[in-house]
Amino acid sequence: MDKPIFDKSIGEWQAEREALNEKVFDLAGLEIKRFFSLDTQTYRAGALDAKTKELLGLVASLVLRCDDCILYHTIRVKEEGVNRDEFQEALGVGLIVGGSIVIPHLRRAAARWAELEEKEVSR
Amino acid sequence: MDKPIFDKSIGEWQAEREALNEKVFDLAGLEIKRFFSLDTQTYRAGALDAKTKELLGLVASLVLRCDDCILYHTIRVKEEGVNRDEFQEALGVGLIVGGSIVIPHLRRAAARWAELEEKEVSR
Amino acid sequence: MDKPIFDKSIGEWQAEREALNEKVFDLAGLEIKRFFSLDTQTYRAGALDAKTKELLGLVASLVLRCDDCILYHTIRVKEEGVNRDEFQEALGVGLIVGGSIVIPHLRRAAARWAELEEKEVSR
Amino acid sequence: MDKPIFDKSIGEWQAEREALNEKVFDLAGLEIKRFFSLDTQTYRAGALDAKTKELLGLVASLVLRCDDCILYHTIRVKEEGVNRDEFQEALGVGLIVGGSIVIPHLRRAAARWAELEEKEVSR
Amino acid sequence: MDKPIFDKSIGEWQAEREALNEKVFDLAGLEIKRFFSLDTQTYRAGALDAKTKELLGLVASLVLRCDDCILYHTIRVKEEGVNRDEFQEALGVGLIVGGSIVIPHLRRAAARWAELEEKEVSR
Amino acid sequence: MDKPIFDKSIGEWQAEREALNEKVFDLAGLEIKRFFSLDTQTYRAGALDAKTKELLGLVASLVLRCDDCILYHTIRVKEEGVNRDEFQEALGVGLIVGGSIVIPHLRRAAARWAELEEKEVSR
């Protein structure tokens, strides 16, 4: 296969996400802004550490089948020190709960994980 | 970010939608054709005006996370005279009901709304 | 059919909802409490009036198939002055968007609406 | 376990469904009525026989996790001559596609199937 | 409110679940049996401990809005030593991801957690 | 419309799917591998023939709105000898169950079916 799997690298995806967030903040009233702020707050370490909370966000995103959300939490769990075995076991829980319909998202998550590992090596 | 956010302009998206509808009508039997006709009929003004019905379609599409449906109703609510504040409040209801999983769709809706406003200005 | 359709009247359902909300507030930390507060705030009249926002909440609840949420918004739209024709047209939008899978919820919404109308008459 | 699994027998469920359909038709405008009529029409034998169409309805209902819809199609597939092995294989497809989240509905479908078989024997 | 919130205690719910599982195993072919076995296997401690995996199952069940699944994992996380603060933070992640549509399930989860705590005290 | 509807031909899509499956198998532990194996096994002919099982998979994929899954089963039902009328009737069941929210996926399924028919003619 000569074509790349994704039409955007992780870096390009992050830049686009920033640009789109600006469009949201141009438009949003107080309620939407508070929702975004509460969203950030929810993943801060508390009784559960940030790593566990990001894994919860990852699996919730996988069973709800949202690629953008899965990629966001894949990046975040890697930053929080989740290793390859922990990552694939979390995906495994999402797969059994959500069924084969999540497989296309699982495939893309696996490819993005590989992309993240390659970035680390090449630094 | 040099790349455009969307790979299709609204005009290109509408042309593709027409082309795909032709594929459906080439294939469809009576039941699918009746469904399409009933779908159109449901949004006609009645006890509720067309503007309200299109807002209902927009929020239903947002919580069910269907980008094509969201864009279709975004165009329609603008045609029915929904203004920027009304639009973002409707999105706000969809966001609180549907949760952070709808955010990627909310981002694209906000960007498409900006695209529609720019088209108006440039006419 | 001698058995009543619902095992709880609307009044009993409201009392149970209050009792359950107390269980949530016994348990909840700051984030969950803020979510509940933001949820209330989102339906306040703004650029869109409360009636329209409650109709948006109703249709979102119907397509997501949540009976408790549908009943809550059915009560609220009635309080906001939505009439029978407006109510059934809003349900009609939810039905065409969400498909036959929403019919069991539509049935219960229709029965609850009749229950609300009877309460008004018997006052 | 002394309590019965279901609070309604299949006969009582069918009577309630009829009573609720009357509530819908008391309320419904033209669009909702047309949807119900189109729904019936879609399952009539055509290029695919009624048995296959009801199996499609059953599996769609299982993956979307709607107990009322599952019970309706369970009754219908039995009427169309689907046998025990065919029934459980269809559920098996729904289970692998939809994941463990469908298991509570699969359990109730299995219990309802047993109830239908017992009714046949006791005739 | 004099009526109990739930029509079944946790013990009665567990007994019913067992009875229903027997109905499934009476009916099931090899594929369904293998699915159930794989489901059990997926939650065994590996790179992630059982506590974390059960929390993942809990949040996945909450955002997919399955009461039976939520109760099952609520019991399991308590058995694995999750405390009240950890439990409510996990629910908080599910609430922000899944939105207000999960609130009815969150309410019942909070009430079941209270029921589990009372059982411990009364032992 | 000069742009092609799909950015990948069916052949390119299949090659990408293979490449992504390799990424999954590089990462996967025993549970994910067993899930993939069970998924394949579930569609083998048994009491129901492979054609019927693939139609069940197609409609389940349509109502759950997964384009990759729909395309996979569209290819498979064609291989199993499903004809144009049978295909569109199966889609019709998915449309009535799943509602207008499935229409964008129905459009793409119709276009992919046409692509498969053209490939046959041009052989």
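For reference, chains read A, B, C, D, E and F in written order, and residue numbers begin at 1 within each chain.
Assume a contact is a pair of C-beta atoms (placed from the backbone, for glycine too) under 8 Å apart; a residue touches a chain by one contact, two chains touch by 3 or more.
As the structure is a prediction and not an experimental result, all values here were calculated from the model.
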{"item": "Lowest number of touching-chain links that must be crossed from chain A to chain F", "value": "1"}
{"item": "Chain labels contacting chain D and also chain F", "value": "A, B, C, E"}
{"item": "Copies chain A and chain D touch via same or different residues, half shared test", "value": "same"}
{"item": "Greatest separation from chain F - chain, by CA centre", "value": "C"}
{"item": "When chain A is superposed on chain B by its C-alpha atoms, the rotation angle in degrees, nearest 5", "value": "120"}
{"item": "Whole-Å separation of chain centres (CA-atom averages), chain E against chain F", "value": "33"}
{"item": "Distance between chain centroids, defined by C-alpha means - chain B, chain F (Å)", "value": "26"}
{"item": "Interface hub residues of chain C, defined as touching at least two other chains", "value": "7, 29, 31, 35, 38-39, 42, 46, 60-61, 63-64, 69, 85, 89, 92, 95-98, 100-101"}
{"item": "Chain contact graph, described as a line, ring, star, complete graph or other shape", "value": "complete"}
{"item": "Residues of chain E defined as touching chain D within the complex", "value": "7-8, 12, 15-21, 23-24, 26-29, 31-32, 35-36, 39, 60-61, 64, 66, 68-69"}
{"item": "Chain E residues touching chain A - in the complex, by the definition given at the top", "value": "38-39, 42-43, 46-48, 52-53, 55-57, 59-64, 69, 83, 85-86, 89-90, 92-94, 96-98"}
{"item": "Residue numbers on chain A that touch chain C, as the complex places them", "value": "29-31, 34-35, 38, 41-42, 46"}
{"item": "Residue ranges of chain F in contact with chain B within the complex", "value": "1, 3, 5, 7, 65, 84-85, 87-89, 91-92, 95-96, 100-101, 103-104, 106-108, 110-111, 113-114"}
{"item": "Chain E contact footprint on chain B (complex, rising order)", "value": "63, 95-102"}
